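We call the chains A, B, C and D, going by the order they appear; numbering starts again at 1 in every chain.
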Amino acid sequence: MYKWIHQFGSPKYFYNISLVLSKWIAFVCIACFIAGLYGGLVLAPADYQQGDSYRIIYIHVPASWMSLFVYLVLATSGAITLIWRIKIADFVARASAPIGASFTFLALTTGAIWGKPMWGTYWVWDARLTSELILLFLYLGYIALQSSFNDKRIAARAGAILALIGVINIPIIHYSVEWWSTLHQGPTISKLDTPSIHYSMLIPLLLMLAAYKTFYIYVALMGVRNEIIESEYNTAWVKKLLDN
Amino acid sequence: MSESINIFFVMLKRDLILAMRDKTDFINSLIFFIIIIVLFPLTFGSDAKLINELIPGVIWISALLATCLSLESIFRSDFEDGTIEQITLSRYPLTLIVSAKIIAHWLTFGIPLIIISILMGLIFSLPVDVILALFITLLLGTPTLSLFGSVMVVLTIGLRGSMLLSLLILPLSMPVLIFSILAVNNASINQSIIAETYFLGGILLLAISLAPIAASAALRIRLS
Amino acid sequence: MMLNDFFYMGGYGIYVWSAYAITAIVLIFNLILIKKKEKKILYNLRKLKKIKDNNEA
Amino acid sequence: MPQFNINNLECVRHNNILFSDLTFTMKDGDLLQIDGTNGSGKSSLLQICSGLIRPSKGTIEWNNEDIYEYHNSFHKDTLYLGHKNAIKSSLTIKENIQFISALGGVIENQDYTEILNTVGLSDTEELYAGNLSAGQQRRLSLSRLLMTRSKLWLLDEPFNALDKHGKRMVENIIINHCNIGGIVIFTTHQEMEFNQYPLKSIHLGNNNV
């Protein structure tokens, strides 16, 4: 297992594998986007309460799921950085942070836009919007901390500690905000086995989630490849790569 | 083992003496704390009822900002004069030494801050229950802030500007702030504050068990 | 007619489409940014390599 | 028998290779001088040896144990002194010295007058360290050499800011330590005498040992 991790963690191996993978991921991503958008915007019926405005769900919910997921990736790769010192983990964290922040930003703005027809105002201190906002601050802090170090190795390790503390705090933040908030709707999909929404609405949502996830993986892999080339440019294989 | 406990008290005593000798740092942040509290009534006019509703929250926000400000100095001189290397490379557990420093900070800054807050409550003639709730929440909340804050201080020390420190601390201290404000609000309408107190206590325990370890790890990273 | 309905979104068109537009912009922006970075890195490294090769020659 | 092994060490700072393939072994009583021009990596080498920073390549072993894996036992045997004195100017000399001895693991020795005499700071106990000159502060900082149970000393420019007399004093302390089986590595760009004590040396900068 450990050997496998190390092989996978070797920059050259990772670079080549990710190049091949990226093509397939891009294909899956585009397919999911097309199917999800078609299903969500055209096929799915309008909601009997919210009318067509609910269709924002197809971009809002995946964005907020991904915002949390990417933060988990930051924390996990942080733990790997601290324990095993695998370079790729540093790169993954560095490449993930901006896209994670983008997802958080999207979850916030689409949530606010959705709020206007629903609540009559762009912003209410709803529990999920508020903790999303705090999550955005966590991302911004992470990016600010990382970018203020000159030495990338130290930046990665300092960021790892911040991400780990952040990830421990996220449930507490979420719970405290929920406790405090009186204006909040229950989670739309908490359990997949008893969906509170119809499957014709659910399937496009899951497709969009897959699209977001593959999009994230695609962009993150590209970022990781950039970091690899930058840090390994003294090695023979990168030199060869540059000749092409 | 007893030697390690000895170094804990040596460090604690040393930091307390240092705080007493270089008073400016923590006195300035306490003055800053008082000024922010005073600014609010000046901005919102002299409507006593409104002020009474606002002031507990104001005290808490001021405490948060003042803690951010005062934490900055907790490791600064040690970094400047090389003591931090001696501490990190010493024969004793780094977490123990770091804990002593954090406790010293709380004793010299947190306790005066709590006393001032109670005095402020009395000056603004808040109900006794509210003052009590303020006392309890500050007693549980300020050490949490010092603990998590110290990790962020180590991460950001020597980097450009102190804004970064606030940017890191403030989002993480949101739960403490929220539970404290809820407790104070409950107290003002004569309701129980037990649930919030438990949460604050739980977060404090989490901070006690995690922050010294994280701060030590951060120290080793920053020195490399 | 069908297409009009589609863009009208039962009166919520402005909200739905602005949300989708922002999403599209942000996601595409992410893609462009990282592509640009890749180009920049490759350009810089190639230049660096050229200087080195010339020095060696 | 303690041994300090450095194997194939490489240090990269700001994308420059400061040194590489550095290998040496130190045994009881060994005294090693590292010299080299400014920026040749003298301080970095000492910091790597102390475990503060990790080398980009290579291993360091103390008693055949990797110093990162067994950092607790390594730190117990090591004393590192950097450029900075680690002296608090708002503490008195006595308070400084008490802290130094507690950190060095020497608690039972409560009489500091002898130590202050040795480093040439007698009758200054109640003064604030901030009142001392640079050389005196360095002497105070070097008093930690007399209050340590560590075997391996890593001293970065120990003779900085010292006059002839102070230099002699530090030399004597170092030789005494080596005579009882201690190991000392220090950096300097001054010519050293050390009363004919066998002195090894490493020159950094042109990669020759």
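Points worth noting:
Here is the rule we go by: a residue touches a chain if its C-beta (ideal position, glycine included) is under 8 Å from a C-beta of that chain, and two chains touch if they have at least 3 such contacts.
Bear in mind the structure is a predicted one, so any value in this text is a computation, not a measurement.
Common neighbours of chain A and chain C, by the contact definition above: there are none. Distance from per-chain Cα centroids to the pooled protein Cα centroid is smallest for B. In whole angstrom, the spacing between the mean C-alpha positions of chain C and chain D is 54. Work out the mean CA point of chain A and of chain D, and you get 48 Å between them.
Taking the mean of the C-alpha atoms as each chain's centre, chain B and chain C sit 43 Å apart.
Averaged C-alpha coordinates put the centre of chain A at 32 Å from the centre of chain B.
Multi-chain contact residues of chain B (touching two or more other chains): 224.
Those residues of chain C in touch with two or more other chains do not exist in this structure.
If each chain is drawn as a node and touching chains are joined, the picture is a simple open line. Remark: the chains found to touch one another pair up as A-B, A-C, B-D. Interface residues of chain B, counted against chain A in their complex, comprise 148, 151-152, 155-156, 159-160, 164, 167-168, 170-172, 174-175, 178-179, 181-182, 199, 203, 206, 210, 214, 217-218, 221-222, 224.
Of all the residues in chain A, the ones that touch chain C in their complex are 41-42, 46, 51-53, 55-56, 59-60, 63, 98-99, 102, 105-106, 109-110, 113-114, 116-117, 215, 219, 222-223, 225-226, 229-230, 233, 238-239, 242. The touching residues of chain C, counted against chain A in their complex, run 6, 9-13, 15-16, 18-20, 22-23, 26-27, 29-31, 33-35, 37-38, 41-42, 45-46, 48-49. On the side of chain D, the complex with chain B involves touching residues 50-54, 75-76, 78, 80, 82-91, 95, 98-99, 102-105, 107, 149-150.
Touching chain B in their complex are the following residues of chain A: 82, 134, 137-138, 140-141, 144-145, 148-149, 154, 157-158, 161-162, 164-166, 168-169, 172-173, 175-177, 179-180.
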